[in-house]
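Have a look at this one.
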C-alpha cells in the first residue's frame, strides 16, 4: 500500500498529501476480516443473517435448551422494530447499537412514534462520522446493517453504515470476510425475481442461511453457526425477532442441502489475522 | 531494525485493522496465575491458584463475590479486577433496589463488555489488564462467562485463563461431556480442581494456594479458602 | 421567624437594605412545581381471587367538574402478566405510560430469555414505579397520581399500591381515590383478608368488581358509565375488556333528589 509508513497513517483525522484518511481505511480492514453479515429487503419486511465463528468446543452453542440462539447472540435490536447485524470488532458493534438505542429512545420521547429506519441510519451516520474527525478517538471498526419495518408506513427498509460514516439504502447488503461471494449470491437472487414474484421474508430466511453457508466456504476449516432475524409485517407484526426453533432448523437444512455439492467459485484473498477482537 | 509504529495507543489501527494495544492487554491476562471455571446443568464453579509475592507475604485473593448469585475470579491486574467487580456489585444493588430483580448473568456480561469497550476507543486511557471468569445462577440457570479486556465476552461450559491455562482448557474440552450432567456440587468442584492441576508447573496445590467458589440453585455464591479446601486436595 | 416564604433564603432587608433580584441573578418569583392536578381520572379498583387478580377503571378524564374527555384508557398492560391502573392527573399518567413502554422495550434488549424466565414481572414493574414516585416527591415535584399494579407472579396473585407521596401498601383488595372509601368496603364483603382469597373464584370476584363499579357510577360525580376491566389469570393469562358499561341501573329515585335534573323549587 502506498504511503503506508510515511507517517500520515498514524493518527485519526489526518489527511495524507493525496487526500486520504488512512485510519478510516484501516478501520474498514477490521470489518473486512470480521465475520460475514448479510441483509435482504423483501416484499413484506427485512431479514438479517450473520455468520458466528465457533472458536472453541467449550462455547455454549445454539440449541433448543437455550432458545435456539440463547447464549452468545450477535444480532441486536433497536427499539422494537429495527434489527442490527454488525461485522468487525464485536464490542464496537455493541457501542454502536447502544448509541442507536439512545437515538431511538430520544426520537420517541420527542415525536411519540418509532424512529423510521432512515432517520436512525442518518443519526448513526453522523455519530460514526464524528469518530473520524478527532485524534482523541478512533473510528468504529464495524460496518452495521440496519433493517426494519417503519410502523407508521408499514414499509420495509434496509441500510448499511460503514466506518467512514457513509450509509446507503440497499435491496441486499453484505459485509465482512465473505462479502464478495455473499454479494454475488444476493445479486443472483434479486435479479432472478421481478415485480410479479417479489421475494418474501419467509423465503429470504432460507436464502440468507444458504448465502451465509456459501460465504463461509473460503473459511471452511473454522466451525460456524448461523444466526438469523427478521421483521415481517404479517409474521412478526413488524417486530424485530430472532428466527428460532423449527423455522431455523428448516432454513439450515435448506442451506446445507443447497451447498453440499456446490463448488467453490469465489475468491476472497484477504490476509487473515487471528485477531482476538475478531470473534 | 523493525519497529511497530501502530502499537503506541488504543486509538490507532494497524494497516491490517488490528489494535495492538488491546492485543497487548490480552497478554496481561497470561501474566496472572491460572483460574478455571466450569458449569453443569445445576451448578457453576470457580477454581483458582493463588500466588504470593515472597515466602513471608500472604496470598493474593483470586475470587471476588459480587452478589448472592454471582461472583468472579481474575487473572491479570488485580486492581483492575477490583474496579470491575465493584462495578458489578453496584449494578446488582441498583437492580435489586429499583426493580426488585436479580441482575441476569447475560446483562452483567454486557455491562462489563460495554465498560471495557470505552477504554479501547478513546485516547488517554488504557484497556483493562485483566481477564475475568464470571459464574452465577439466575432465572435461566447456571452460567459461566469469560470477559476479556477487548470487551469480548463469551458464554462457555468451561474456561481457563492465566499462565499456562491451555492445559486446563484442553482437559476441560476432553471431559466436557462428563461434567455437564453432574448433579453434585462436590463432584463438579473435583473436576475443576483436576482441570486446574493440568496447568501447574512447579507449584503443588495446598490449603494455602487453592481457592474455590461455587454457586447454584438454593446455593448462594460461596468461597472456600484455607482449611475449607482440604477435602478437594 | 418570618413566615413569608418569599423572604426565605435571602439577606434580611433590615441589615442589607432592599433585596435586589438583579444582583443575585435570581428569578423574582420562587420556583414552583405542580400544585394540583388538572385533567383527572377517578378511582381504580382491584381485588385478588384464587387464581389471579381483577382490576377496573372508567374512561373519564375530568377537567374540574367538567366531564371533558370520555374515552381515556387508564389500564395499561406491561409484559404478559401485569396491568397498571392509574388515577389522578391524566398528563402525568401519559408520562408514566411512556415510562412503562420504555421499560418494556429495554427489557427486550440483550435478553435472550425476555419471553420467559427473564420477562417483566409485576413486582419489577411495581418497584420501578414506586422508585419513580418516591424520587419525584423527594424533588418536591410529584407525579400527581395513585397507581395500582396488578398481576400474577410465580403463579400467585400480586396487588400493590403507590401514590404521589411515594407511599406503598398491599392488600387483597385495593382501590384509589373515591373508590378507597366507597368500593373497598364492598370488595371486603367478599375478600376481607388474605385467607379469603382462596375461597373466591373468578366469577365471584368479577361480579363484585362490576357491582363496585356500578356503585361508584351512582355516587361518584366524576365517573363515567363506560369502563375497562382486566383479569390476569394464572391459567388464561390477560383478559382485557375495554367495552364495558354499567348495566341494570335504577334511577327512579333520582326525581326525588333536590338538585338533580331541571330545578323546580
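Lettered A, B and C in written order, each chain numbered from 1.
In the analysis below, a residue touches a chain if its C-beta (ideal position, glycine included) is under 8 Å from a C-beta of that chain, and two chains touch if they have at least 3 such contacts.
A quick map from chain label to UniProt name: A, B = Proteasome alpha-type subunits domain-containing protein; C = Proteasome subunit beta.
As the structure is a computational prediction, the values presented were derived from the model and not from experiment.
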Touch-based graph of the chains, sorted into line, ring, star, complete or other: complete
Which of A-B and A-C has more C-beta contact pairs: A-B
Whole-Å gap separating chain B and chain C (Proteasome subunit beta), where each centre is the average of the chain's CA atoms: 46
CA centroid of chain A to CA centroid of chain C (Proteasome subunit beta), Å: 44
Mean-CA-position distance for chain B and chain A (Å): 30
Shared-contact residues (touching 2 or more other chains) in chain A: 66, 71
Residue numbers of chain B (touch at least two other chains): 106, 110, 140
Contacts with two or more other chains, residues of chain C (Proteasome subunit beta) listed in rising order: 110, 112-113
Chain C (Proteasome subunit beta) residues touching chain A - in the complex, by the definition given at the top: 98, 102, 105, 108-110, 112-113, 115
Touching residues (chain side chain A, partner chain C (Proteasome subunit beta)) in the complex: 66-67, 69-71, 73, 76-77, 79-80, 101, 105, 108-109, 112
Chain B residues within the chain A interface of the complex: 5-6, 10-19, 22-23, 26, 106, 110, 113-114, 116-118, 120-124, 140, 143, 148, 150-152, 154-159, 169, 172-173, 176
Contact footprint of chain C (Proteasome subunit beta) on chain B as seen in their complex: 97-101, 104, 106-107, 110, 138-140
In the complex, chain C (Proteasome subunit beta) residues that touch chain B: 110-113, 117-118, 121, 123-124, 126-128, 131
